[in-house]
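The structures considered in this document are given below.
Heads up, the next two complexes both have chain A, just with different partners, chain B and then chain C.
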Partner chain A sequence: MDLFLNIAVDGVAYGMILFMIAVGLSVTMGLMRVINLAHGGFALIGGALAHWLGREVGLPFWIAATLAIAGTVAIALPLERVLYRRIYGFGELQQVLATIGLTFLMIASVNLWQGSTLLAIDLPPALRAPVDLGFRTLPAHRLAVIALGLAVIAGLWLLLERTRFGIRLRAAVDNRATASAHGIDTGLIYMVTFALGAALAALGGIFGAELLPIDAYYPLRYMVLFLIVVAVGGMGSIAGSFAAALGLGVIETAARYLVPDLATLAFYGIVIALLAARPQGLMGRV
Partner chain B sequence: MRNLILPLACLLAAVAAFFVFPYDLAFLTRIVIMIVFVLSIDLVLGYAGIPTLGQAAMYGSGAYAAGLFSIHVWGDPLAGLAVGALAGAAIAALSGLVVMRARGLTLIMLTIAVAAILHELANRARGLTGGADGLRGIRVDPVLGLFEFDFIGRTGYWYALAVAVAVFVLLAVIVRSPFGLSLRGIHESPARMTAIGASVYWRQITAYVIGGAVAGIAGALAAQITQLVSLEVFAFALSAEAVIMLILGGTGRLTGAVIGTTLFMTVEHIAAANDPFNWLFVIGALVLAVVFFLPAGLIALPRALTGLIVDKGGRDADRT
Partner chain C sequence: MKIKGTLALGAAVSALAFSTAHADTIRVGVIAPFSGPFALYGTQYQQAIETYQAQHGTSVGEHEIEFVFKDVGGPNPDQARALAQELLIREKVDYLAGFTFTPNALAVAPLIEQSQTPTVIFNAATSSINRESEFFLRTSYTLWQVSEPLADWAYDQGIRTAITTVADYGPGIDAENAFRAAFEEKGGEVMDSIRMPLSTTDFTPFLQSVRDAAPDAVFAFLPGGPPTFTYTKTYNENGLRDAGIRFLGTAETEESNLQALGDQAIGLTTAYHYSEAHDTDANREFLAALREDHPDAVANWAMVGAYDGVHLIYHMVEAAGSDGPAAVESALGLEWESPRGPLTMDPETRTVVQNVYIREVERNAETGMLENAEKGMIATVGDLGWDR
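Let's look at the complex of A and B:
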């Protein structure tokens, strides 16, 4: 029973991190039909900025994290304007290559700036304090991550279902040309959505640093993981990404607890079986 | 006749390189092996239009299969190549059944995942593959019983070059065959090919299997000539760099693979020797430059330049 609860808590926390990082990827993929392999790079930039602001500038964690997310958005916005805007119309191969090229540039830049060592992010004492759950004590960080993940999905749901921006975004996802003909500024929607996705990736990168440690090679190391979440969830589906991230987080955590030697293989095996049965993902259209 | 000029010039350059750079034979041989590997990607990606980032799965399988075969069964190099080709084809066939069902991002992710799974398997099966230490003790008999592999790598170079030429000719025949033309058709429009009665799924799997066999041959060559197989053969970086080499040269043309690989590896040899991280700046910028300014690759550069002079539509000119 304890084992089961351990797997549940760790798996859900891990899943929430995956969700935060991957949801932006899923939405940009559904909206702009762009295969953005550089998405993990925004988590890296967020994490590296938080590391630098916290360790070298000496700001408290919360301020450092906020500034790091803002900084990531400040980098993402011009990138969308200058680079991504041009690749929306490309074929998938060109998109893949352009974003791999961008990933390499991000890795090289972070390395030049911070070196190739682990970029630790110091959590505030409030998040490091142990919390007694009855069956085990665990750092408050895990619970904070779970709460944050729930807040993100709730916020996204409100944004998409209850605001004017959400209506426009959904219209643009369904049919860009028609949405544009109705006077919706799809270019602006793309930019805002891209920035939001980058901000969420940075958020996930910073708060997930305990589970997915940040270093310069971060975007390449975890690229497959993020792509798996999007593919299993179904492109463009926020609910799908959420279900996939939680499910995969729990499955991988369970595999690590139960069959540590074969965890990676078990994880990939399940993913491939799932995609063989449903190539479009859990909640993907088509 | 004009189609023969460029490949023959490449071959002549390869022969000349042997005499001009007698002290860099190991590096030249690596280029030739890489050309075979990139040719396999050209068939899969350039002709059949399957966006793969996991071709290393087949390369690595061929390398391990050929290495194990020469250690445990028979040291004949040509038999080893055949085993490598079979291993690559088998992995491609097995994974292709699942991979080709998907499209777009899911397909790309699956190709990466297959290589990652094999990497993990090779790492776990320490007793068989040597795990992270690599597979050692590969001994290869003389080629055709006549040419012993020497320390300087003369035999290795000619052997690799002969295999590369054979693969090039084979692929040139395949892409000009009715099957090759149907692959081009699928690349252009899968819906229309389905409408005229071609089975897109099975043809893509066939192309993937042939590409897998060629990648397996490349892996087997590497295993025989370096006499070592490490886990790196399954690395994502290998797949990604090979695709970049292909794009650099130009997809959908076999000579594009040859030129792109040679150029990329030469620049890497000079630039990356001391600083792998700054090398990433170079590759990153190079890829972006090619994708944005030269979508058809370097092989189209002469035409793109003349297009710039003749009319302003340089971008359209290099698509012909």
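Let's look at the complex of A and C:
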């Protein structure tokens, strides 16, 4: 019984971190249909800024995190104007090449700035304390990430399904020319959505850092993980990413408890089986 | 094209000028990662070499010593082999050095055997490497050398039950075997041996199982960087420390990552051969010389391995010049005082015999920095893995 509860609790906590680090990508790649391999780069920039603002400038965590996300957006906006605007129109392979090149640039820049060692982000004591669940304890930040993940998915659902902006975004993605002809400023919509994706990447980088610590090679280290969540969830579906992250989190955690030596094998085996059965992902639109 | 041509010409001219001006230059080729995720190793080797040269000059006897650096990128045996070939044939080096990763060192064994080139391993820690060639000399350590004393010591401290948790790759399995063998020999019980996939990001399930089994101690072997960070965090946050399950490790708290681990590292127990906080004059002199040119440099095992490696090379050059077999012969049994303590080059295993220290991470009251404070010492340990 305890084992079952352990798997459930740790699985959900891990799945939520997977969701947090991948949700930005499911906005840029899933919704905007640009294969944005530089997603991890934005997470890295957010994390590195939070590390710098917290450890070297000495700001409290919440202020450092907010400023780091704002800083990432401030870097993402001009990049969108200058680079991504052209990348949208590329073929798939060119998008991959352009954004992976951008990733290398980001890695090299952070490496030059902060070096290649770990960039720790210090949490406030309240988030570090263990919380007693009755049958065991769980670190408070895991609970915070679960809450944050739920808030993000709720917020995105409201934004995309219940606001005028969401309608315009979906229209612009489905058929840019027609949307434009209806007087929708698609350039602005794309820019705002891209900034949202970058902000979510930074948010995920910072709050996922307890489990996936930030260092200059972060984008490459975890690229496969981001891509798996979005691919299994299905392109264009935030809810799909959410379901995929939680499902994969629980499955991998269960495998780690039950057959530790084979945990990674089990994880990738299930991913392959899922994608073979449903190439469009759990909730993907064809 | 024009630039390329000029460069090539320039290189040719300088090579020519060089070979006539310094007929008696001994060249040492250093193969190490200077780019990518492991670039820190290369940087540290270079800093250690520069520090040694600043202290002892660039010549020994009548010989001028020159280092040539080659970037191998990471664990890449083919590249290591190609670079060694290039260094031996085109650059005409007399000695090789460096080698962070075991496969890279193994890949050059046939080459150095053929060319009779003394090769000083600054790092790669698998015992069996030195069996591949008589020309390998190692100034780092082996996994058995630190894991066995740790198990002995733990038993003597009253620890009777342990669970081993190691990253599932060669060095991790070496460490698991070493710890298990020594601990069981003493009479302790290894309740479980968990091998964690290398790509593990969330250690909670493994550590929660350990906690539920409640051993006296948990032995860990992890690659540096993110896995160590997450593991030690989880160790604290899932209450293993509070439950009195002692953490036993080796390289996990090494200095280049230590500050990033933060307060969660305090109290972690490790057995290892070098701590930046090692309290001797030799270490203080080394640190002072290092900081003179590199104020922000962090001294750790990789740096001290390179520093002692350079010392060994200087000795061999002085004794035998470019005569490979004679140079190796002269190094066997050599004793010297290193920043980490007294060293002897073991004639049989060609790995240094050294003290292994039991350390605990503490925050230094003066500097406010975390350090590996030495609490105990197991004197003069050789490569215990040689006969295994």
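Throughout what follows, the second predicted complex is superposed on the first by the 283 of 286 C-alpha atoms of A that agree within 3 Å, B and C clash if a C-alpha of one lies under 4 Å from a C-alpha of the other, contacts with A are read in each partner's own complex, and residues count from 1 in each chain.
Note that a contact is a pair of C-beta atoms (placed from the backbone, for glycine too) under 8 Å apart; a residue touches a chain by one contact, two chains touch by 3 or more.
Because the structure is a prediction, the values reported are computed rather than measured.
**Q** Which partner does A:F104 reach: the first (chain B), the second (chain C), both, or neither?
**A** First partner only, chain B.
**Q** Just chain B (first), just chain C (second), both, or neither: which does A:P213 touch?
**A** After superposing on A, A:P213 lies in contact with chain C but is clear of chain B.
**Q** Which partner does A:T163 contact after superposing on A: first (chain B), second (chain C), both, neither?
**A** Neither partner.
**Q** Contacts for A:Y257 in the overlay, against chain B (first) and chain C (second): which applies, first, second, both or neither?
**A** second
**Q** Under the stated touch criterion, which partner chain does A:L275 make contact with: chain B (first), chain C (second), both, or neither?
**A** first
**Q** Determine, under the contact definition given at the top, whether A:S116 touches first (chain B), second (chain C), both, or neither.
**A** The answer is both, since A:S116 touches chain B and chain C.
**Q** In the superposed arrangement, which partner chain does A:T178 touch: chain B (first), chain C (second), both, or neither?
**A** Once the two structures are laid over each other on A, A:T178 reaches no partner at all.
**Q** Return first, second, both or neither, reflecting whether A:P130 touches chain B, chain C, both chains, or no partner chain.
**A** So A:P130 only meets chain C here.
**Q** Output check: A:Y14 vs chain B and chain C. Expected answer is one of first, second, both, neither. What do you get?
**A** second
**Q** Residue overlap on chain A between the chain B contact set and the chain C contact set?
**A** Common interface on chain A, chain B vs chain C: 111, 116, 216, 261, 264-265.
**Q** Considering the complex alone, what residue numbers of chain A touch chain B?
**A** 29, 35, 83, 86-87, 90, 92-94, 96-98, 100-105, 107-109, 111-112, 116, 216, 220, 223-224, 227-228, 230-231, 235, 261-262, 264-265, 268-269, 271-272, 275-276, 279-281
**Q** With touch defined as at the start, can you tell me which chain B residues reach chain A in the complex?
**A** 45, 51, 53, 98, 101-106, 108-110, 112-113, 116-117, 120-121, 124, 236-237, 240, 243-244, 247, 251, 277-278, 280-281, 283-288, 290-292, 295
**Q** Name, in rising order, each residue of chain A that touches chain C in their complex.
**A** Interface residues on chain A, with respect to chain C: 2, 6-7, 10, 13-14, 17, 111, 115-120, 122, 128, 130, 136-139, 210-213, 215-217, 221-222, 225, 252-253, 256-257, 260-261, 263-265.
**Q** Which part of chain C faces chain A closely enough to touch in the complex?
**A** 36-37, 39-40, 168, 194-202, 204-206, 208-209, 212, 225-226, 229-230, 233, 237-239, 256-257, 260-262
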